[in-house]
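Two complexes, one shared chain (subunit A), two partners (subunit B, subunit C).
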Partner chain A sequence: MANVNVRKLVKSFGDATVLRGIDVDVRDGEFLSLVGPSGCGKSTLLRMIAGLEPISAGDIVIDGKVVNGLAAKDRDIAMVFQNYALYPHMTVRENMSFALEMRGLSKAEIAASVASAAAILGLEALLDRYPRQMSGGQQQRVAMGRAIVRDPKVFLFDEPLSNLDAKLRVQMRTEIKDLHARLGSTIIYVTHDQLEAMTMADRIVVMRAGVIEQIGTPLDLYDRPGNSFVGSFIGSPAMNLVRCTVAGGDTGPVCVTAGNQILARLPVTKQVAAGATVDVGIRPEDLEVGASGPHAQVVVVEPTGPETQVTASLDGQIVRLVVKGRSSLNRGDKISLRTDSEKLHIFDAETGTRI
Partner chain B sequence: MSENVDTDLPVAAIQSSALSKRAPRDPVSLIGTISLSLIAFAFAFPIAWAALTSLKSTSSVIATRYPLTVWSFFPPHPTLENYVFLFNELKLGRHLLNTAIASSGQVLLVVITSTLAGYAFARLRFPGREGLFALTLLTAFIPLEVILVPLYQVVSGMGLTSTYAALFLPFAAQPFGIYLMRQSFRQIPPELDDAARVDGAGTWRIFWRIAMPNVRPALATLVLIQFIWSWNAYLWPLVIMQDPDKQIVQVMLAGLKGSPNYSLDGPLFAGLTFVTVPLVVMAILLQRYYVRGLMTSGIR
Partner chain C sequence: MLRGLRTPDPTRRTENYFGPAMVLPALLGLGLFQFYPLVSAVLNSFRTFNAFTKRPTGWAGWNNFIEIFADDVFRNAVLITLIYIVLMIAIVVPMALGLAILIDKRMRGTALARAAILGALASSEAVAALIWNQLYEPGTGLFDAILKSMGLPEQPFLVSGPHAIVSIVVMTAWKDVGLPMLIFLGGLQAISPQLIEAAALDGASSWRIFRRITLPLLRPSLILAIFMVTVAAARLFTPIILLTQGGPDGQTTNVPFYSYAQAFEFSSPGTASASVMFMMVILVGITALQAFVIRDSNDGGRR
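The block that comes next holds the complex of A and B.
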């Protein structure tokens, strides 16, 4: 197990810079998730840590040692790929043995390591199968087995669950989390699925366009997003961002929507000048149907069983609210929205920064 | 009730699909079968005729030529005398061995150069890669006849005239082979290389342990095509091989046709039939590889 420190890391492909000065410290035994939309540079960052992509500037330190010039094989890392990347012409046993063979371990040592990794993942019955003879879930498990068998300092996962169906994904999520708890290993896990990051990671790094937007624990990011991008990226359904103008009200400053409706009182802690344009972030579960408040019209009602997701139009802006249990609302219904001003997230409309 | 419906439906679907498989062929596929049979017959007929004729004595070959009867095709008195003559008098075995040496050398060299160059063009990053590959492909458009004289001079200058090496050395690098292997290596997902690098393999090991086993179908195709090409070579061996004992079987057989004193049609047909056998055997042995699809799984 090891720390991983990324210092002012830059990656350019010709004129295009895809990573612009990344700083991350991954603690020993930590499960760190890199999330962000496609093209944000998260996979490139992971590949650079793995040694599969050369570094343009900056340093990568694994276990106190700068590994910039070190080949992938000398970094003592293991990687699980999105498409598993199992060697098609090798059985599961051979796939798992390959790295140990490359290290020059004896046959007995290899057999013992493979057996123990197979036992951890319940792969014993599959050892003599070829990848094509297994389901996606089984291949995924073998890909993890191939990583575990080497007992590396750091595990790198590159969107390992994105090829699985929804049910299997949830199951594997639990398994990977359980595995991390049992092995206590350092894991860097790339995903575009914020739910995966939220449920699995100790800390999350949110990236966009080659820069880090915020680093924090899942609930930190959820409760106190540093900007409107993080706010809307973390959480499902996504946070509502309602563009408002700040105006002075009878009981203090209020947020006024485009249709001149008062959305909510600004929290007392927020210092915003009257006339400023802000984006008010409201989590869907913090928005309720009330007796009074700004009017909106229901557009879509989506029951999920334990709750109902309602999409409504508020002065032309789409907002979502989550109603506990069943709802009698229908498309076209006029509703009033109510929210607790203490739960609002206020962002500068221009910079997106949290106020 | 609804459970019954659920379980009945798939069974019915399976039954109907099984029935449709057993149903008589539709007219389109019948026409296809007939056309293919005709084409197969057109291809097989000359070979079969040659094989049957090889069992006739030379005098019988000439006697049954006109008028056309069933005996023009089938031997009235089957005999192996042509084969005995070929092996005993014309030393066919020796010439077959010469051809085998030339073909094996050719196949071995081409496999080595095509896989290495194909892999480099497909997987390694180096400046000028695309330009170099285009140049390599261009050489495919230069026919042997055009370079025959300069090639002879080069090989002769190296003192290789009438050596076995001269038969295959000039064709050690084949643009077609390099192209075929490059395309094939490109089909392997790059993640396999990444996984192997992380697992501790260097470029050579990735080539040998990961890439090569996954291009076996293309490799089989390359071996087969090169073997046929080299087995059927005629012009170059005719020019460069001046030692009759080391001459390849094709040139030796062609010589039979031009024999000035007496007809050797019987042995000629026997020889032609015999040299076809290795090609047929190779094709049968390797067909399961080249018809099989590439890279079935391990990657989604």
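The block that comes next holds the complex of A and C.
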């Protein structure tokens, strides 16, 4: 167990800079998730912590020690790869023993460690199988077994669930979270799936184009996204961003849509000059069909069972709302939208920054 | 099944002949140029021949075989053939693996090196043998010149028997290393880089990664490469006839060269065929033995 500090980390491949000054502190025992769209640099950051990519500038500190020049094999870090990377010519037992053998442990010590790790993950029955004789979910579990048997300082996960089917993914998500709670280990977990990050992580680092957009607990990011990118990245279905102009109204400033409709009152806490352009962020679950309010036209109705997602066009902009239960709406229906102005997120249209 | 329901298909009748008709040319060619010579070689090894007309004159039973086994030159040729096979495997397989690993690293100059190695493979055996003949030239050849410039004694590269065997093997290794190298390169590139990274994170040094991960995963390539080098070494002929003509004193004569000499110099198709047959049996035995020795004992290498 250890903490990991990343300081002003830069990574360039030739002329292309993929990480531009990353600062993250991962606390001992913390489950930290790195999320962002593909190409944001999250996997590169993980590989640099692992020692698989050289550092262009900055420092990586593990357990108080700068490891910039330290080879991967000397960092005492375990990694679970997206494609599991199990050694195909070795049984599960041999896969799990490999790292301990490299460390020069005795046969008895190895057998004991493998047995206890196998017990934690329920792998006892699979120990003599080869990777190709197992399902994707079982291979995933073995990959984790290979990591925990070493009791490393830090666990790294690189999109470990993306090759599993949806049902298994939900199950493994729970299992990994439970495993973390039991082992209390430091985990850095890369995913492009914000839902995985939201459900599992203690804290989330949202990255885009080589920079960190925001670091915070899942609900922090959900409730107070620092900019419109984080707002629309975290949460599913994604937050609506409606481009509006601020105008003075009878009871205070209001947000006016492109079609000159008043979307909502500007929250009283927000200080925006009249005439300014803003993006109004509204979570789909904070938007409802009301008796009055701006008019929109229903485009698509998607029932999911417990709720119904309605996609509508508001003055040419697409907005989504989540309606509890069943909905009698149909394509083409005219509706009025209602929202609580205290639940709005207001972003500067130019910079995307939260106001 | 459901025959009555099937719509009649006007093309069906012709299709019955279409398939075999398409296979026929290949079958004919194969029969004419592959099976007929093989069968006739088997038959010839049990026949007597007229030395002048080279026409079969009757059946010899096992006499052709008895005759060649009684021949010191043949017994020596079998030994020499085995030496060629052992030397070629010992030199070419590790060299091909080493070169494949270097080329797989994609360092500067890799493209040039690969082109050079494949160039040697593509070049004509006869041209290569002539070039190497000049390199091996006593006194004036490049190798002797290098030795002389370093103050070392000249070497009888093609004149002494043991030297000549090594000289032939070195030339053949230079020329033929490309094919097993390509096999290893393909094998290396089929290994997921994540496996290597996973092993590095597991604390394995480069050597142990090679020994415990790369090499076992290369097993199919290794089997194929050893098989191909064995067959090529057992059939070694052009360099021998061009560099040493089997000499000095038969000391570089292998079975193919012996067969050639029996057939074309001693006009004895019977003993020539018998030696070819014997070599074939030996080759089947050797490759079967290799397959057994390096077989995948736990069947785990298959992906």
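One rule holds for everything that comes next: the second predicted complex is superposed on the first by the 355 of 355 C-alpha atoms of A that agree within 3 Å, B and C clash if a C-alpha of one lies under 4 Å from a C-alpha of the other, contacts with A are read in each partner's own complex, and residues count from 1 in each chain.
The rule is short, and it goes like this: a residue touches a chain if its C-beta (ideal position, glycine included) is under 8 Å from a C-beta of that chain, and two chains touch if they have at least 3 such contacts.
What you are looking at is a predicted structure, and each value in this text was computed from that prediction instead of being measured.
Chemist: After aligning the two structures on subunit A, examine subunit B and subunit C and state clash or fit.
Modeler: clash
Chemist: Touch check for A:230: first (subunit B), second (subunit C), both, or neither?
Modeler: neither
Chemist: Figure out whether A:344 sits in contact with subunit B (first) or subunit C (second), or with both, or with neither.
Modeler: neither
Chemist: With the two structures laid over each other on chain A, which partner does A:163 touch: subunit B (first), subunit C (second), both, or neither?
Modeler: So A:163 only meets subunit B here.
Chemist: Between subunit B (first) and subunit C (second), which does A:278 come into contact with in this model arrangement: first, second, both, or neither?
Modeler: Neither: A:278 stays clear of subunit B and subunit C.
Chemist: After the superposition on A, what does A:91 contact: first (subunit B), second (subunit C), both or neither?
Modeler: The second partner, subunit C, only.
Chemist: Go through the superposed model and pick first if A:139 touches only subunit B, second if only subunit C, both, or neither.
Modeler: Only subunit B is touched by A:139; subunit C is not.
Chemist: Name the contact category of A:45: first (subunit B only), second (subunit C only), both, or neither.
Modeler: Touch status of A:45: no partner.
Chemist: Quick check on the superposed pair: does A:72 touch subunit B, subunit C, both, or neither? Answer first, second, both or neither.
Modeler: Both partners, subunit B and subunit C.
Chemist: Considering each complex separately, which residues of subunit A are in contact with subunit B in the first and with subunit C in the second?
Modeler: Dual-contact residues (subunit A): 50-52, 71-73, 77-79, 81, 83, 85, 87-89, 98-99, 102-103, 130, 132, 146, 150.
Chemist: Quick check on the complex: what are the subunit B residues that touch subunit A?
Modeler: Those in contact with subunit A are residues 189, 191-192, 194-202, 205, 209-210, 213-214, 295-300.
Chemist: If you look only at subunit C, which of its residues touch subunit A in the complex?
Modeler: That would be residues 192, 194-195, 197-205, 208, 212-213, 216-217, 219, 300-303 of subunit C.
Chemist: In the complex, go through subunit A and note every residue touching subunit C.
Modeler: Against subunit C, subunit A makes touches at 50-52, 71-79, 81, 83, 85, 87-91, 98-99, 102-103, 130, 132, 146, 150.
Chemist: Which positions of subunit A touch subunit B when the two form their complex?
Modeler: Residue list for subunit A touching subunit B: 47, 50-52, 71-73, 77-79, 81-89, 98-99, 102-103, 130-133, 136, 139, 146, 150, 163.
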